[in-house]
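Two complexes come next, and they have one chain in common, subunit A, joined by subunit B in the first and subunit C in the second.
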Partner chain A sequence: MYKINKENLSALFSCIADANELYVPCNINGSVNFAAWDEEQLVDLDTLKTVKSPKDAFFPQSETLYSCKRNGKKLSITPEELQNKDFVVFGMKACDVRGLAVLDKVFLVDPVDSYYKARREHGIIVSLACSQPEEACFCNVFGIDASQPEGDVVVYMIGDEMYWNAVTEKGEKLTKQVASLLTDADEAKVEAQKASIKEIVSRLPYSSLSLEGWGKDAVLLDKFNSPIWEELYKPCLACGTCTFVCPTCQCYDIKDYNTGNGVQRYRCWDSCMYSDFTMMAHGNNRTSQMQRYRQRFMHKLVYFPQNNDGMYSCVGCGRCVDKCPIGLNIVKVIKAFEKGGNR
Partner chain B sequence: MSECTCNHDSFYEDTLIPKVGVVTDIRQETPDVKTFRVVAPDGSKLFEHMPGQCAMVSVPGVGEAMFSITSSPTNKEFQEFSIKKCGVLTDYLHAMEVGEEITVRGPYGNNFPVETELKGKNLLFIAGGIGLAPLRSVINYVLDNRENYGTVDILYGSRSADDLVQLKEIQEVWMKAPNVNVYLTIDREQEGWDGHVGFVPSYLKEIGFDTNKVALICGPPIMIKFVLQGLQEMGFDKKQIITTLELRMKCGVGKCGRCNIGSKYVCKDGPVFHCDELDEIPAEY
Partner chain C sequence: MQRLIDRAKELLASGEVARVLGWKKGDLGFNPEPSYFETAESLDNDFVYDGFCGANLSKYMIEASKKDGKTLVFLKPCDTYSFNQLIKEHRVDREKAYIIGVGCKGKLDIEAIKAMGVKGILEVSGADINSDCETLTVKTLYGDKEVSYNDAMLERCHVCKGKEHQICDEVMLDSRDTKDAERFAEIEKIEAMSPMEKFEFFKKELSKCIRCNACRNVCPACSCRKCVFDSNKFDEATKANVDSFEEKMFHIIRAFHVAGRCTDCGECSRVCPQGIPLHLFNRKFIKDIDTFYGEFQAGEDSETKGPLTAFTFDDVEPSIVTERG
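Moving on to the complex of A and B:
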C-alpha cells in the first residue's frame, strides 16, 4: 500500500500520461465524463458518477471496423488498426469495472471481437473506491463491493491523501512507473474507509432490493407474459437514454460512412428501445414500445443470466435511475414484480 | 482471407471483416428474384458451409444483410444466394452485372441436422415463395447423398407460375430423381398452368402425408402457421417439424443484440429450430 498527497495528483497524471494514454473523469461544460487527460482539463474525482459510463474506452460509441475501396468492379478491404498502445482509465468505480466483466461475456466469447479484445489487453484500470455512495446506487444487490472495486490498481481518497494499492501484474507495472511519486502507507485508514463505505451502502434506499424470481432460475415465459409490463411501460418515451448511459448495454449497429474516397464501415451503439431496431424488409417483430421496453429488462434480468451462469447484465450503477426523463428504470421493474408476487 | 488486398502490417482476422467475392453468374428466377453465384477472386470457393447456414452479403456504401446460402455444400465450386428484390441493398444487387465484386462473411448459424437426426429418415419439404432458398440447399445435399435418406416429398407453392424459384432445377433434376415426389401449386388460376391451384396448407391437406417423416418447412410466416397446424392435425409431433426463423441481424455472431429472442440469438443459435423448441422462447418472431 502506497499513498500520495492530493496536491501531487497532477504530477501523477502527468507521469502516467508520459507513457500511456490516460483517461480521467473531467468536467467539460458542466458534465463530468471520462476524457483524455491533459494539464488544461478540469479533473473531477469528487463527482461519484460520470454521465456516461467509461465503457466507451473499451467499446467506443463509434469505431471504424474496416475501410473499403472500389476500383471499377474490384473491391479492396483494409481492416482498421487495433489498439496497440497501453492506456490507463483512472477513477473507474466498482460498478463500472464489473460492467466490463459483463461486456467480456459478450465480446470475449467465441468468436472473439478483436477490437474489444485489443482494448481490454492494453487497458489498465485504476479503480476508485466510492467514498460516498449515493441514493440511486444499488451495486451491492449484484454482489459488488463499492469499498473494494476490481481493477489493476485500487485507489482510495481519504482526507488530503490518495491511497494506492496495486492488485494485478499490470497494476504493479504502472506502480513502478510512478513509484517516485508514491510513499509507503499502512492500511489502517483504508480499512476504516472501507467500513464506512459498507455502512453507507447498507443504509441506501435500494440496498435491500430483492432479485427473487429473476436470474437464471426465472420462469422465462411467466415473466415475459406477465401483465405487469403492460402497466409499467406506458410512460416510456423510447428516448434510449438508459441504454446510452448504461455500463453493460452492448447492442450495436453497423453502418457505412462514405468518405468521398471510399467507405468506412463502422459500428456504433444502438438501442433496443428504438422502433427500427428490429425492423427489416419482411416486417418488425417488436412493433410496440411495450415489447421493446420488456426486451431491455428481460435481457438484463433473465436472458443474460440464463446464458451466463447467473451473471446479471446490470451492475446497479443507478445511471438510468438518475437520467431517465420520466423516472422509469430497472429498480421500478424489480419493485413492480416484487409487489406482483414476482409473476 | 487469402484474397485480402490490404497492405496492413498487423493484419488480423475478425468475423466482422468480410471476404471479397466475385459475382460470376446471375440468373433471373422470377420477376423479383435473382440467384447470384459467388466465388473468391481467385476462383476458389469462399468457405465451406452446411445446409441452412447463412452469410452476410454486402455492397460497401449500400448495405449489408443476412441471406441464406441456397447452394448445397456438395457443390465444390461456388456458393449461391437467391435474393428477392425488396429494399436498398437488394435493389442494388438486382442491378448488378456479372464480374462485380461484393463482400461476404460467414457462414453463420446452425444448420439442418442432415448428418445426424435426418439420416435414414423420410423427408417432407414444404416451401412457399422465396422460402425455397434455404431448403434447396438441403434438398440438393440429400439428393447428392441419396443413399443416406428415405423417401423425399417436396411441396412447393408460390403466388403464380412465374414466381416459382428454381423451376428449371425442380423440373430437370428433382422431378427426375429416384424416390422423389414433387408437388407444385400456385395461388390462383393462370393461363398455361395445368398443375394444382391453391394455397400450400390446403394442398398439404389434400395430399395427406404419413407421419413417418421429418418435415422441413420454410416460407412466409402465415404459411408456416397454417402448415404447422395442418401437420399437427395429420398427427405430426412438433419435434418432427423443423423450420427457420428470420430476424434483423447486424453482426451474425450473437453480439449486436438485434435477433435476440428469449435467451436465443437467431443468428447463432438458429436460424434452424425444431418447432417444439419455439414453444420455449417468447413468440417474438
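Moving on to the complex of A and C:
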C-alpha cells in the first residue's frame, strides 16, 4: 500500500500520461465524463458517477472496423489498426469495473471481438473506491463491493491523501512507473474507510432490493408473458438515454459509410429502445415499444444470466435511475414484478 | 393534491372520462413518472402532483386521442401551449380530452439540487403544491440540507410565460409568479458574440451530445410518426456519435423543423442527460420571429396560422440574413 498527497495528483497524471494514454473523469462544459487527460482538463474525481460509463474506452460509441477503397478495377481492404499501446483508465468505480466483466462475456467468447480484446489487453484500470455512495446506487444487490473495487490498481481518497494499492501484474508495472511520487502507507485508514462505506451502503434506499424470481432460475415465459409489461412501458419515451449511459449495454449496429470511392464499415452503439433495433431484411421482429422495453429488462435480468452462469447484466450503477427523462428505471421494473406477485 | 384526486375520481365515476393522465409517485420521492389511472384505487394509492412533476403531458395525448372515451389530463399553464399547438397540427383530438388546468408554483430540477453539492438525496420536503415554496429541506445520507426553492427550479420557470392556462375545461389549485429573469437575456449574450465565438460555444455544448434522442422524443413539436433521423436510408446511422458535425446537424435541423411551432416549454433542456441548453436554439428562432413578424407565441391559441405558415406581402425578405450579418 502506498499513498500520495492529493496536491500531487496532477504530477501523478502527468507521469502516467508520459508513457500511456490516460483517461480520467473531466468536467467538460458542466458535464463530467471520462476524457483524455491533459493539463488543461478540469479533472473531477469528486463527482461519483460520470454521465456516460467508461465503457467507451473499451467499446467506443462509434468505431471504424475497416475501410474499402476502389481504384479502377482494384479494390483494397484495410482493417482498422487494433489498439497497440497501453492506456490507463483512472477513476473507474466498482460498478463500472464489473461492467467490463459483463462485456467480456459478450466480446471475449467465440467469435472473439478483436477490437475489444486489444483494448482489454492494453487497458490498465485504476479503480477508485466510492467514498460517498448516492441514492440511486445498488451495486451491492449484484454482489459488488463499492468500498473494494476490482481493477489493476485500487485507489482510495481519504482526507488529503490518495491511497494506492496495486493488485495485478499490470498494476505493479504502473506502480513502478510512478513509484517516485508514492510513499509507503499502512492500511489502517483504508480499512476504516471500507467499514464506513459498508455502513453507508446498508442505508441506501435500494440496498435491500430483492432479485428473487429473476436470474438464471427465472421462469422465462412467466416473465415474458406477464401483463405487467403493458403497464410499465407506457410512459417510456423510446429515447436511448438508459442504454447509452449504461455500463453493460452492449448492442451495436454495423453500417457502411459511403466515402465516394469506397466505404468505411463502422459500428456504433445501438439501443433496444430504437425503432430500427435488430432490423433485418424481413423487417423488425419487435414491432411495439412494449416489446422493445421488455427486451431491455429481460436481457439484463433473465436472458443474460441464463446464458452466463447467473451473471446479471446490470451492475446497479443507477445511471438509468438518475437519467431517465421521465423517471422510469430497472429498479421500478423489479419492484413492479414483486408487487404484482410475479417472482 | 387531494382535491385533484377527488375530482379525478368524480369524473371517472360519472363516466365523463375513461382514464386519467397524471403523474405517479416515484420510488425515491423525486422521480414521479407520467401515468394513466383507470381506477379510484390507483388514484388514491399512486397519484402525485408536486414540484417534481415537470413532465409535460401534452404529447401523451397523441396516443390518448386514439383510445376510446375521454382522457382527463392535468396540464400546467406552460403545458397548455403545447396542447394548443398539437390541436393546430391535428395531432390530438380536443373532443377526447378533459383538461384540468392545474396550478403551478414552479417545477424543480433534481439536477440543480445536486449541482449545489447535495449528495445522496433521500427525501425532499417543501415540494408539495400546498407549500409556500420558499425553502426545500433535503434529507440526505450525509445529513439534512436546506436549499431555496427558486434556486432549485428548472430554467424554464425562471422565464415563466405566465400563470394562465391557454386551454382547459376547469382550473384547479393556484399558481405562483416564478419569473425572475428575462427570457431572451441569454440569447442576447450569444448574439453579441463574434461568429467564431458563437461557433465555439455551440460546438462545445453540442459535442456533449450522446445521440440518445431524449430531446426529440420528449418534444411536443416533434410529433412526426417517423422521424427523418430514424430513416435507415442514410449512409450514416443517426445514432452514431462520430464527430461533432453530425451532432450539430441533428440539433440544427431539429431546431429548424420546430421553428414557429416550438412553444418554449423547455422539455428538451430538462431531459438532456448531458445538460446541453438546447432551448437556446429554439429561443433564438422565437426571438427572430418576434423581430421579423411581430410578437408571436406558439400555442397561445389553437387556430391562428403561425407566421412561418402564412404568407403576407409584408413578410421579411430572405436577404435579411445577409443584411444582418
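To be clear about the criterion, the second predicted complex is superposed on the first by the 333 of 343 C-alpha atoms of A that agree within 3 Å, B and C clash if a C-alpha of one lies under 4 Å from a C-alpha of the other, contacts with A are read in each partner's own complex, and residues count from 1 in each chain.
Note that a residue touches a chain if its C-beta (ideal position, glycine included) is under 8 Å from a C-beta of that chain, and two chains touch if they have at least 3 such contacts.
Note that this is a predicted model, so its numbers are computed, not measured.
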{"item": "Fit or clash between subunit C and subunit B when superposed on subunit A", "value": "fit"}
{"item": "Which of subunit B and subunit C A:I200 touches, first, second, both or neither", "value": "second"}
{"item": "First (subunit B), second (subunit C), both or neither touched by A:K335", "value": "second"}
{"item": "Subunit B versus subunit C as contact partner of A:Q295, first or second or both or neither", "value": "first"}
{"item": "First (subunit B), second (subunit C), both or neither touched by A:D270", "value": "both"}
{"item": "Partner chain(s) touched by A:L237 [first = subunit B, second = subunit C, both, neither]", "value": "second"}
{"item": "Which of subunit B and subunit C A:N20 touches, first, second, both or neither", "value": "neither"}
{"item": "Partner chain(s) touched by A:M279 [first = subunit B, second = subunit C, both, neither]", "value": "both"}
{"item": "Partner chain(s) touched by A:C251 [first = subunit B, second = subunit C, both, neither]", "value": "first"}
{"item": "Subunit C versus subunit B - closest C-alpha approach in the superposed model, Å", "value": "7"}
{"item": "Contact residues common to both interfaces of subunit A (with subunit B and with subunit C)", "value": "253, 256, 258, 270, 279"}
{"item": "Subunit A residues touching subunit B - in the complex, by the definition given at the top", "value": "65-66, 68, 70, 73-79, 81-82, 84, 106-107, 111, 113-115, 220-221, 224-225, 250-254, 256, 258, 262-263, 265, 267, 270, 272, 277-282, 285-286, 291, 295, 298-299, 302-303, 306-307"}
{"item": "Residue ranges of subunit C touching subunit A (in the complex, touch as defined)", "value": "26-28, 31-36, 55, 60, 119-122, 140-142, 204-205, 208, 210-214, 216-218, 226, 230, 232, 235-237, 239-242, 270-271, 273-275"}
{"item": "Complex contacts: residues of subunit A adjacent to subunit C", "value": "28-31, 33, 48, 51-52, 61-62, 132-136, 200, 203-205, 234-235, 237-241, 243-245, 253, 255-258, 266, 268-271, 274-276, 279, 321, 323-329, 331-332, 335"}
{"item": "Contact footprint of subunit A on subunit B as seen in their complex", "value": "4-8, 10-18, 20, 60-64, 86-87, 90, 97, 99-103, 220-221, 246-248, 250-251, 253, 255-258, 260-263, 280-282, 284-285"}
